[in-house]
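Okay, got some structures for you below.
First chain A sits with chain B, and in the next complex the same chain sits with chain C.
Now for the complex of A and B:
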């Protein structure tokens, strides 16, 4: 089952999305292109600003770290040169975390990162900011027991059950199957990493540009993230164009 | 306007088979919003939406109704005057964007002595003269070739209503847009409207009640995406209330 999404529901923001998956709920909003502060102005590019707000309390170094990762990844997919001297402001408010999140004992910024990346992409799509490509992201966990299969986009409960974990990996892929971001934590060998990367690519990207057949959907119960994104956009277009068919 | 329901995501390549097949071979292909051309002959989308093509104009664009208004030359907009500088008014098209300039002399029959006096927060119906990413947009209220205003100029009285960008496009598209609520209302009540592509609708109905009722009716049609039957119902209800 893919993540649940509500698009363009905040009426004061240029674009917004609420994303709910595996107990994580994030609200993303995008304003842009808007006027940029003089000191942040870049003559030939747009400035991208990312704000991550935690579910409780004020931001800490953990949020700053996430902001840096998001900023660098998103700047590479936004066509910043087509909107120079402007600001694209992305605000991500974490609404709820799964209960088990605090007792996992693993790097919690990694379990959160794919959800933040997916939310920010949805909000950018909703704000119609020019993008060079799309982005899909997934978490992969490798348990430390021998011959254990890597867990694909596990829930917090799955992680708790699979403890102790050897390593956690976050991968983000662009629409043309390029690796945009990789954050790994724990101990792992190159082969393990390669397997995880391949696994993530399969989930994030559509199979070789060919339309997904019905058989494949049954095979991978997780569903394909690009396919899911297309469904989300299809619903958005249907909503925008419903006046054509309304009587 | 033929709208194929091809759903596209940013980064999708448009295959040449979906491009319009022009009847006139000499006409160059026109790319509308949401598309970019990567030489030599790749066309890539930059926003998510539905692909739309027009064979007669040999044009292709992405249809979407979300996000902020981006000025483009030739658009009719409702601008709010922010302040007056030495030779131009600084006008706001959308909140939090750099101001657009409207020269003092860009009004019908304006000279140095008879230029209009516009105060902050007054409204102007204007055309975007040029808009590029290199400079702030420039507005004008006259047709440069004839020197006539063609209905552009300061808007006096009335109120502004926010509508979606898609609704503004539909209202300006005439019959193709499928909006009949204004025609329906105009059979019984008299009012003036101006539609800005920046998602603004200005209405002056002569009195406050008529103005509000007409503005709200258009907003309702916009939000609920009403078809012709639904719009007729709105018109009936509004006219009964007046």
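Now for the complex of A and C:
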């Protein structure tokens, strides 16, 4: 099952997206560019604010850490210099987590992070915030048994079954194949990291330039994320252009 | 000292500190690009030079272990305080089968197998409680008396994640066992039960912050944990409580796993000048506060070479797309070199 997304479904926000994948469901909303508080105002660029709200309870240091990661990553893709002295406010509400999430025994912010990144990008697209590039993110887990195949974007059940894990990696790539974010925890060598990185790049980024058979692609489990994102945007544009093609 | 884009208006010139405050980015770029051979930063270090680590342990007498760390102008104090947690107060006590098997033999192969178990136990029981205090007047942006800032909270979350993922503290050192006497006389490991745990409160206070807070905090915690001695605790059958022996000879050092050492880097993205049309970037090791203020992309690599072979324990990278796989290879190399420096500094005072 590939990720599912509903775009622009919140009417009071400038942009919104609900992203569901592997039992994780995140609602993202974006307001911007809006007026910024005087103390946060930057003369030459926009201020980016990220709020992560957990599924239950109030935010903890874990959410602050996720917010910092998202803030730093999104700030590098939003064209903040084209909308100076404004605020782009991104709110991410975690709606549901898979049941196994709490008993995984792994760093739960890592399993959540790719979903948050993908949601925030979709919400930014929905709000038509000027972006320099897109962003796709994926989780990779390497089980600790010898010669184990790395798990690509595993579900919580897969992780539970594959325990014990040797390392857990989150990668995020930009549209021009640059490594924007990486969080890796565990015990590993450079080669393992390099392999995981290459594997993530293949999933996140599209092969070569624009392919002709774009519409023919069947979205499988190992589907390409950039491909998927293009389909989402295509549907969004088609929906927005309905008034033109109605008759 | 003047940057290439300022040279036409050479009539206007500023003293060094004013240039740094007025336009920090060109200031650092001018430093790095004036002499392409040396590439010295504003603080006099080369791009790949770390600040020397100063360690002093055991200076706080009322803690179980403590350390003071200096990295240039960053100074951190860390104290570890151990408190008892009774088994019945611990809530759910997951004692996996491996814990009992492991209790007897502590050899290396066994450690490989039970990888992952300790971290789950440590996190569900919350036996490690790190806290970081930045609001001590350590830096102008951290106002004393205010609530922990986002930065401080994110720092605590990273420290906690690293403590759990490296499994630095062995569960065996924190568990208090009791073996009931048997009729046969010989103590039987099969029937021994957990009576309590040690909870470690790891408080880290920044005296002054001049960049690279994560490395400084982690090194302080590492040195303090290496210095920690726990008193001998045992279950007293008659009093039905845990007692601690006050004989310092019986106090034991905390058993630790490996020596993970972090190295942080900041990526300075040079702005393109009119003459050359190519972008120039520098990866600065161990950035200070001024450099952090002009760099957006940061990388932190934690390596552990205590087991002969270098293992990477954590890679954290965010904020930009300059560091790719090749650059990362070079950074890991720098981190491995840094590991031996830190190991030397830590074991001298250990």
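Structural remarks
The criterion applied here is as follows: the second predicted complex is superposed on the first by the 235 of 247 C-alpha atoms of A that agree within 3 Å, B and C clash if a C-alpha of one lies under 4 Å from a C-alpha of the other, contacts with A are read in each partner's own complex, and residues count from 1 in each chain.
The definition used in the following text is that a contact is a pair of C-beta atoms (placed from the backbone, for glycine too) under 8 Å apart; a residue touches a chain by one contact, two chains touch by 3 or more.
Keep in mind that this is a model prediction, so the values were computed, not measured.
In the superposed model, A:69 lies in contact with chain C only, and not with chain B. In the overlay built on the shared chain, the residue A:5 is in contact with neither chain B nor chain C.
Touch criterion met: A:165 reaches chain C, while chain B stays clear of it.
Look at A:205: by the touch rule set out above, it reaches neither chain B nor chain C. Once the two complexes are overlaid on the shared chain, A:241 sits against chain B while remaining clear of chain C. When the two structures are aligned on the shared chain, A:174 is found in touch with chain B and with chain C. Of the two partner chains placed by superposition, only chain B is touched by A:35; chain C is not.
In the overlay built on the shared chain, the residue A:140 is in contact with neither chain B nor chain C. Applying the stated touch rule to the two superposed structures, the overlap between the chain B and chain C interfaces on chain A comprises residues 174, 176.
Chain contact summary for the complex, chain A toward chain B: residues 8, 14-15, 31-35, 77, 79, 82-86, 125-134, 174-176, 226, 229-230, 233-234, 236-237, 239-247. Residues 61-62, 64-65, 67-69, 72-73, 75-76, 105, 107, 109, 144, 163-166, 169, 174, 176, 178-190, 193-194, 197-198 of chain A touch chain C in their complex. Those residues of chain C that touch chain A in the complex are listed here as 115-117, 119-120, 123, 150-151, 153-154, 156-158, 160-162, 164-165, 296-298, 304, 309-325, 328-329, 332.
Remark: chain B residues 3, 5, 7-12, 34, 36, 44, 46-50, 63-68, 70, 96-98, 133-134, 166, 170, 178, 225-230 touch chain A in the complex.
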